[in-house]
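Take a look at the structures listed below.
Common to both upcoming complexes is chain A, partnered first by chain B, then by chain C.
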Partner chain A sequence: MRLELGNIYVKDVQFGAKTEFKDGIVYVNKEELIKELQDERLSKIDVDIVRPGDSVRICPVKDVLEPRVKVSGNGQVFPGFFGNAEVVGSGRTHVLKGMTVLTVGKIVGFQEGIIDMTGPGADYTPFSKTINLVILADKVEGLKQHEHEAAVRMAGLKATRYIAEVARNVEPDEIKVYETKPLAQQLNEYPELPKVAYVYMLQSQGLMHDTYLYGVDAKQILPTFIYPTEVMDGAIISGNCVSSCDKNTTFHHMNNPIIYDLYERHGKDYNFVGVICTNENVTLLDKERSSNFTAKLVEFLGVDGVIISEEGFGNPDADLIMNCRKISALGVKTVCVTDEYAGRDGASQSLADSHPSADAVVSGGNANEVITLPKLDRVIGYIDAVNVIAGGFDGSLAEDGSITVEIQAITGATNELGYNKMGALGF
Partner chain B sequence: MAEIRVVHYLNQFFGQIGGEEKADIAPLKQDGPVGPGTALQQALDEDMKIVGTVICGDSYFNENTETALNKIIEMIKSYNPDIVIAGPGFNAGRYGMACGTVCKAVQERLNIPALTGLYEENPGTDMFKKDIYIIKTGNSAAQMRKAVPAMAKLAVKLAKGLPVGSPDEEGYFAKGIRKNVFHEKRGSARAVDMLVAKLKGEPFKTEYPMPIFDRVTPRPGVKDLSKAKIALVTSGGIVPKGNPDRIESSSASKYGKYDITGVYDLTEETYETAHGGYDPVYANQDADRVLPVDVLREMEKEGIIGSLHNVFYTTVGNGTSVANSKKFAHEIGLELKEAGVDAIILTST
Partner chain C sequence: MIKELEDVADVPAVHICTVVPISKTVGANRIVPAIAIPHPLGDPKMSPEEEKALRRQIVEKALKALTTDVEEQTVF
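Coming up: the complex of A and B.
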């Protein structure tokens, strides 16, 4: 499977009479976009634009997405939600680089995030460096939480599809090619190099802790094997309200840095043969089954090494360790990517489970570290939420408008796909 | 900038008083550097001065810890120091414990930084590395020339409030504190680097060394309870009223064993808990809630169990180190085995 990613660098996003791409600028017809997002479950929809450096705090952030459109090849971006769940990952996809679509609205659960476009908080989130088209969506009265989540999730997907359409006939600034061959061929491609795969753990702890693979709730999958390029076309999307610091937003999935970085040295240092998707269900039986199947797939593929990434923390630590332990027992080299909950003083044990086989760990940082974020000029969303979101606490919001939270509350702060440079070390 | 005042702590040997025969000397102080203090003074910055040295015999310190420590702190305080350096103590066990105890007390009572240097197997290292900076040294005084510059370098940073580097950079034992840092590469690239190194068999360094839990395989079930001798062991801190052995309310350094021959019920008048990690009200009202002597006595009477062992063992689990817990368990286990106990009921809180 061969995918060309055509990156189109976005200089600015502005409202305009017509939704189009012109001279590096994405123009958005606000009324048309709002009409596109009409949903009987949503009472109010508004759209805003924020840019790096703006004195703006966005809260509570639900999901972040990147506009991508399929120009050629099978299917549509976000398969399973749009189109007929055709297999994506081949042909050409255009990407609006440097901007996001970001969904905000009244809190669904307890675990939605904060994005500061400037100030100390901006250092912790990648979305302070992008131009964000913010979709504010509020639910109608009486809507249940899981329906609320689903409605906002669909609004994000639809808005992203709508915006991405402007990129269809634009000549990209650069084209990057990613290719993985059918397994039997790929395995023979570089006979002298070690073979590696990526074990991609998807958050699936339950209602509102969900991830979708081709529209299927990951709770219901058995671990499966996909081409890495499928992910680049939105085969995996986020539907979850777990702590915002280490939930993989849809943007993170589409830009999964482990996949891009594994491609970077593919054919030089190893032969990257593909991606195993697995889940993080809550019962022991499910955990055992999924980790057994994951290890079986690793053995089936005959690879020499894997990178395993976790999503979330606590309960999924057990899945991470089971995967690591069972894969290592096959004689396969493992590297785990996780984050830490070492307490505000950093003195506690960071993970809920451990095993000596997990001897190569990359850390996305200690999510419990506390930070004070000064008042910013403008708030998009509902700032009261900081007292109840994960990482916040009663009294997080001070009278002067500053907030004191664990970095757990900042969207993408301790990302477990290794999207950031931050990490934790022992002192 | 004003002169930075340093006090150095030494034992009787390095303090040039004498060998083991002088290990029982009480604390004394001397102005200026003594023994290894001379080399230390040279390694420190010019604006730092060892204004005094406090010396105490190792045996005296360990046999009279509280008295010795109070006196030592008083002597240190008399020099009005900005920082205290103890040792290095290398692999000398009693000296290492003294260095660690003194440094920790200096930090807590005088609110100034303190550091020492010890060998990794020195019991003081495990006991104090979380509380104080301990520079890694060799196991004997032959390593003095390597230890002193490293200690001096860190002392300069601590005294002047300069940022302290990682354990590897500075050569101290990790204090177990996780801190966020910004790396040069993003996490995914670091993961790929690590994987490539691991595949090639090259050295790599994990960013989070896994804590290793000691997993104990449960024993097979007791076949015939009616013939079994059962013992009670608790980490819930139940002790005879008044806590006769002074088991600490947190970070216990000892356990107690108490005879319960003829005891059928633990009452408010006779037993209590020493534990500082939970609300003690209900345990103090009726200690059977934590250590179920009453129920086991009934079972003994009804013949459900053979007998209740006439001694129970107790400690406080609150903040108690794994190292201490293991030591206690080993000793208790051996005694219970010798006493012919068939099964143990372990209660916690």
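Coming up: the complex of A and C.
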């Protein structure tokens, strides 16, 4: 499967009379976009644009997405939600780089995130460096939380599809090619190089802790094998309302650095044969079954090493360790990518579970570290949520408008795909 | 908590826990498996009567575990 990604660098996003791409600028007809997002579950929809350096705090952030459109090849971006669940990942896809679609909504309140576009908080989130088209959506009276989540999730997908359409006929600034061949061919292509696969753990502790693979709630899958390029076309999307520092937004999935970096050295240092998707369910039997199947697929592929990434923390640590332990027992080398909840002083046990086989671990940082974020000029969303947000506490919001929170409240702060700048060193 | 109760307060304790491997990692001595992380002592798919029976069964097992001498980490 071969995918060309045509990157189009966006200089600015502005409201305009017509939704179009011109001279590096994405123009958005606000009324038309709002009309596109009409949903009987949502009472009021508004759209805003924020840019790096703006004195703006966005809270509570639900999801972040990247506009991509399929120019050729099978299917549509976000398969299972749009189109007929055709298999994506081949042909050509155009990407609007440097901008996002970002959804805001007070869904669970304590499990959405904060994005500051300037100040000390901005350093902790990658989305302070992008131009964000913010979709605010209020629910109708009486709508249940999970219905609200579904409505805002769809609004994000629809807004992203609507914006991405402007990229269809634009000549990209650069074209990158990613290719993984059918397994037997791929294994034979670089027989001298170590064979590597990626074990992609998807948050599935639901309700509202859900990830979708081709529209299927990941808690209902048995671990399965996909081409890496499928992920680039939005095969995996987030339906998560969990601690925002280490949930993978849809943007993170589409830009998963483990996949892109594995491709960088594919054919040079190793042979990247593909991706195994698995889940993080809430019963012990499910955890055992999924890790058994994941290890079985690793054996089936016959690889020499795997990278395993976790999503979330707490009981998913048990899934991570089961995957690591069972795959290591096959004689396959493992690297785990996770983050830490080591207490505010960093002195506590970092993960809820451990095993001697987890001897190569990459950390995205300690989510319990405390930060004070000064008042910013403008708030988009509902700032009172910070008193109950995960990583916040009663009194987080001070009278002067500053907030004191653990960095787990900041979207993407300790991302477990490595899409950030923090890490941890062993001494 | 479970370790502090036994080590510091010298009170025997049972850990009712869904993810038994974590319970073992943290060093619980008496472990009783629970149903699921969002509902350790219940099951929303059951009727209230069935759920009560299930809960009683787990609690009784935990009480039995509490009064059983153990030499090593034991899952009941």
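The criterion applied here is as follows: the second predicted complex is superposed on the first by the 422 of 427 C-alpha atoms of A that agree within 3 Å, B and C clash if a C-alpha of one lies under 4 Å from a C-alpha of the other, contacts with A are read in each partner's own complex, and residues count from 1 in each chain.
FYI, contacts are C-beta pairs under 8 Å (C-beta built on N, C-alpha and C of every residue); 3 or more make two chains touch, one makes a residue touch a chain.
Just so you know, these numbers come straight off a predicted model, no measurement behind them.
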Superposed partners chain B and chain C on chain A - clash or fit: clash
Which superposed partner A:340 touches (first chain B, second chain C, both, neither): first
Residue contacts on chain A - larger count, chain B or chain C: B
First, second, both or neither for A:284, with chain B first and chain C second: second
First, second, both or neither for A:251, with chain B first and chain C second: neither
Partner chain in contact with A:354 - chain B first, chain C second, else both or neither: both
Partner chain in contact with A:362 - chain B first, chain C second, else both or neither: first
Touched partner set for A:205, first chain B, second chain C, both or neither: second
Which of chain B and chain C A:322 touches, first, second, both or neither: second
Shared chain A surface residues [contacts with chain B and with chain C]: 354
Residues of chain A defined as touching chain C within the complex: 205, 282-284, 287, 315, 317-318, 321-322, 352-354
Chain A partner contacts - residues on chain C that touch it in the complex: 18-22, 25-26, 33, 35-38
List of chain A residues in touch with chain B within their complex: 194, 196, 257-258, 260-262, 264-265, 269-270, 304-307, 333-335, 337-338, 340, 342, 345-347, 349-351, 354-356, 358-366, 369, 407, 415-427
Residue ranges of chain B touching chain A (in the complex, touch as defined): 130, 164, 166-167, 174-192, 194-196, 198-199, 204, 206-213
